[in-house]
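This is the structure, below, for whatever I ask next.
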């Protein structure tokens, strides 16, 4: 089914244990190794116009040139030119591009992790059509292999890979999940041998938004879908993806893939979690090494499909003047644009779009693991101001989103700024407004 | 094509005021045609200098290519004066005073009648009309010899 | 052989050879790096994806309305000097004759005086672009030797071309020779520089557009 | 005549019954041709009358006599006047009545009597191949005669493109190893009046000016008088406005040609040719090539025979040997270079891939599938 477990383990040591030269060598090796024709093309094409800066909210908020997206991969551009580009011998021979130094890489940790949400807005503004975000993702892989992933992300990824849980909890998630079912009076389908749909949850929901977990179970129940959680793969998130540990990302994804295959699922349902969608919908097959034997759907997509098929019936929800935050990984990078809007329309939501919405939406500020990096908080708050203002400017009383990381980031900002709004989960709104025409709910 | 005249050549005026396309010659200023207005104003300046400082000058008309029309306009503008001199020396030269006192229209032709030089001289009398010292001396000697021989 | 003969004879040959060699070398050199098949299930059918890629080539020529406020002026400046360059390079009669002698095809040109005006405007825009590169903190930080030298060599071609048309700064044939030599230098520099974006820009947009369309995202 | 008894120009004029007025007229015409200030003709006449008549030796080497033909067709000042009144043409093997040894004797005598004072006019290029055997007179080679004559010359005037720049004899493959005068004589003032042939007025006016002032005129980098060679034909061309408007004749009998439009596209070399054709013109100011519908050939420029077709437009690339069209050559060259580029590119990509595989196998990155959806 997959590569043997021992081959999957990457011998990555934390930063402090490695000599600087070793670190640089590791980073460069990984980056250069990973550069294929597409990335090489991206690195070749940049004309240094600086326009990508205007797409990035880190630059917009600070006007600090170092936050220019393409600048965030500068050392790797340098490495590519020296090591793998068609004229690499010239660059090397004449010393046209200096070797990247350990110090330089250290500085770039801040640029690649603390100040990049991997939101992909830069890839949409580039007049040449360079997918800058894709390069940043590759640069993160290299940083990880240099032992330069931020400690928070690194540790969570390591733990998740080992135990399936990014952080220890008083009670295992399995127990917590069942407790949520009891608390909200909804049956949690767990470890069924056979199911059409395999479910998982964001650990953010287990810890912070149990109502969202219950909502998922309730909606699935309403749809009478054959579905199950699997104890061995409950968590939707993938900290390997954030930390840039590609092998770890694969290991973590494999847990879900293996369990989905084990229960014969036709669909792997990604809950309200943006980066989990990217990791499972778009990247998992490549890491797995062959096409996945099931389809991957975000819960909003899944529900929109059910709505179209007439199986999901909704009441009109009174949410007042409402706006919607498009999670980057779902919309800009994932194409899940129509589904949430179809659901909102069916719910009769009075939707007032943000100034920048759909594919052009600004990130909540927490994406790319930034919300987990403690030292990045001041910068993150600064960047978020613009987003909060946009939400205020719609005049909406309520706002919805379909990613619990975004939700968590907004709630964190609410506490920090004393803001008066809190995002609601679209899934929960759906669960709360299931039509009882058939007597259920 | 048997005869030169059969070749249908037409010259289109590219420069305003230079050619048949501008029969009135209104656009006489600028371009390769030199421009009658420019010549007249320069003559005015040269005359002032002659009057105040006694300094003679000249304008070489061959260096200012003009169309027949422009030439006629210039002639018309200057008018005719009192003196019309014809000098026969290695061809014919005509020195005509113009209506503007001090401006002389000088035309030198060779023995074949080809124009060799054409100037507008600004002076009291064109130096060309005067005789050289050595010529006068030679003439004096010749007359003296004749008088002696005759007596 | 005089300088002009050298410029448009052997030097031009060498320049064209280096240009072709370098361009193909560079493109083949990275295009033949491995390309992994994307194993994820596409959201859109292949044909739609490719269509969206082609469409992006056009749409990415101008910023999306969401971006115009921040990038419109910069992009307009960039495009306008490119247009000026194209007009001067492709519509000036002596250039058309030059290209005709090389490729055997020709097309009508614009009046030389109009081209001169365009060239002067383009040069002005060139200076504006350089000024922007130096004063804009982002561009200044990103810029390297390539950016400045590519600017310089293009400006040199413009200036020598203008000097040759205006007969300023020496005898015409020397100015013309310098102009052609600067073009030779440009051709030699081209494959090793950012000027390669002339070849990259459209495929790059198409690929980005297609990859985004494959996921059903806006491009 | 000897140095001490040299006759003054004025005396000679009187002797031939040429009045002062006739001479002023002659000088005025010359000054006009030289584009000197209008008053200069008079001054030149007065100066010249006080100067001794210079002896002139005219040597012809590898030439076609076109230049001399041109000189004798000078309208103003005419050659007759020039020869009899202003200069003393003591040797010219084409024009002089004497022949054989008598002619050579006249040359030797003139050079001896006027050593250091005579003007040497040279017409034709000087062959140096085969020991100079390609051009001899009276058993002496051209190189020899030139060197000897140059020794006593006050100045050398090279008439025509052959003596100025080598002209046709020097054109590729230059079988006689012909050289211009300036390549052989370097210690005498040289004035080049180039052109194939040169404009006659330019020759006479330059001589006249030299005689009247005793100084060579201001010269350009090719030793040509700036006053005649300071501007290109294109600068002074009456068809220039059409160039600026972008109106070009495309064939010799199209509407543009009939309308007198610019001949640039038909190969006119006006923009690179320095001469006075467009202002002094030919045949007594009647016309010049462009006026009669043909582009300038560039005959007054060095190497004009070897600068490609007369009908190739100026900015055209010059790709040497005929028989293969330039587009064909460009295609070949481009294809060859592109093929070489492809090989190098292949090699570069191959090396990079090998490098990547090697480091993957030995490196600490886990093996197996790589490259995310956004990677690769």
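Chains here go by letter, A, B, C and D, matching the order in which they are written, and residues are numbered from 1 within each.
One rule holds in what follows: a residue touches a chain if its C-beta (ideal position, glycine included) is under 8 Å from a C-beta of that chain, and two chains touch if they have at least 3 such contacts.
Given the structure is predicted, the values throughout are model-derived calculations rather than measurements.
Chemist: Among the other chains, which touch chain B and chain D together?
Modeler: Both chain B and chain D are touched by no common chain, going by the contact rule given at the top.
Chemist: Most central chain by CA mean?
Modeler: Minimum centroid-to-centroid distance belongs to C.
Chemist: A-C or A-D: which has the larger count of contacting C-beta pairs?
Modeler: A-C
Chemist: Could you find the chain whose CA centre sits the greatest distance from that of chain A?
Modeler: Max centre-to-centre separation from chain A belongs to B.
Chemist: What's the distance between the Cα centroids of chain B and chain C, rounded to whole Å?
Modeler: 59
Chemist: What whole-number Å value describes the gap between the mean CA coordinates of chain A and chain C?
Modeler: Averaging C-alpha atoms per chain gives centres 38 Å apart.
Chemist: Roughly how far is chain A from chain D, centre to centre by C-alpha average, rounded to an integer in Å?
Modeler: 78
Chemist: Centroid from C-alpha atoms only, then distance chain A to chain B, rounded to Å. What do you get?
Modeler: 94
Chemist: Which positions in chain A touch two or more other chains at once?
Modeler: 35-38, 84-87, 131, 282-283, 285-286, 288-289 - these are the residues of chain A that touch more than one other chain.
Chemist: Give the residues of chain B that touch two or more other chains, as numbers and ranges in rising order.
Modeler: In chain B, no residue touches two or more other chains.
Chemist: Return the residues of chain C touching two or more other chains; collapse runs of consecutive numbers into ranges.
Modeler: Only 25-36, 38, 40, 211 qualify.
Chemist: Which of the chains touch, listed as pairs?
Modeler: Listed in label order, the chain pairs in contact are A-C, A-D, B-D, C-D.
Chemist: For the complex, which residues does chain A have touching chain D?
Modeler: 3, 7-12, 26, 29-30, 32-39, 83-89, 131, 133-134, 137-138, 141, 145, 246-247, 250, 282-283, 285-289
Chemist: For the complex, which residues does chain B have touching chain D?
Modeler: Answer in residue numbers: 8-12, 14-15, 31-32, 56-60, 62-63, 65, 87, 89-91, 93, 108, 110, 114-117, 119, 121, 127-129, 131-132, 134-135, 138.
Chemist: Taking the complex as given, what residues does chain C use to touch chain D?
Modeler: Within the complex, chain C contacts chain D at residues 1-2, 4-5, 8-9, 12-13, 16-36, 38, 40, 93-95, 97-98, 100-104, 109-115, 167, 171-173, 176, 180, 211.
Chemist: Note which residues of chain C are touching chain A in the complex, please.
Modeler: Result: residues 25-36, 38-41, 43, 56, 60-61, 63-64, 66-67, 70-71, 74-75, 78, 136-144, 147, 192, 194, 196-197, 200-201, 203-209, 211-212, 215-219 of chain C touch chain A.
Chemist: Mind listing the chain D positions that touch chain C in their complex?
Modeler: Per the stated touch rule, the residues are 232, 234-235, 243-246, 248, 264-265, 271-272, 274, 302-303, 306-307, 312-320, 325-327, 330, 333-342, 344-346, 348-350, 352-353, 356, 370-371, 373-376.
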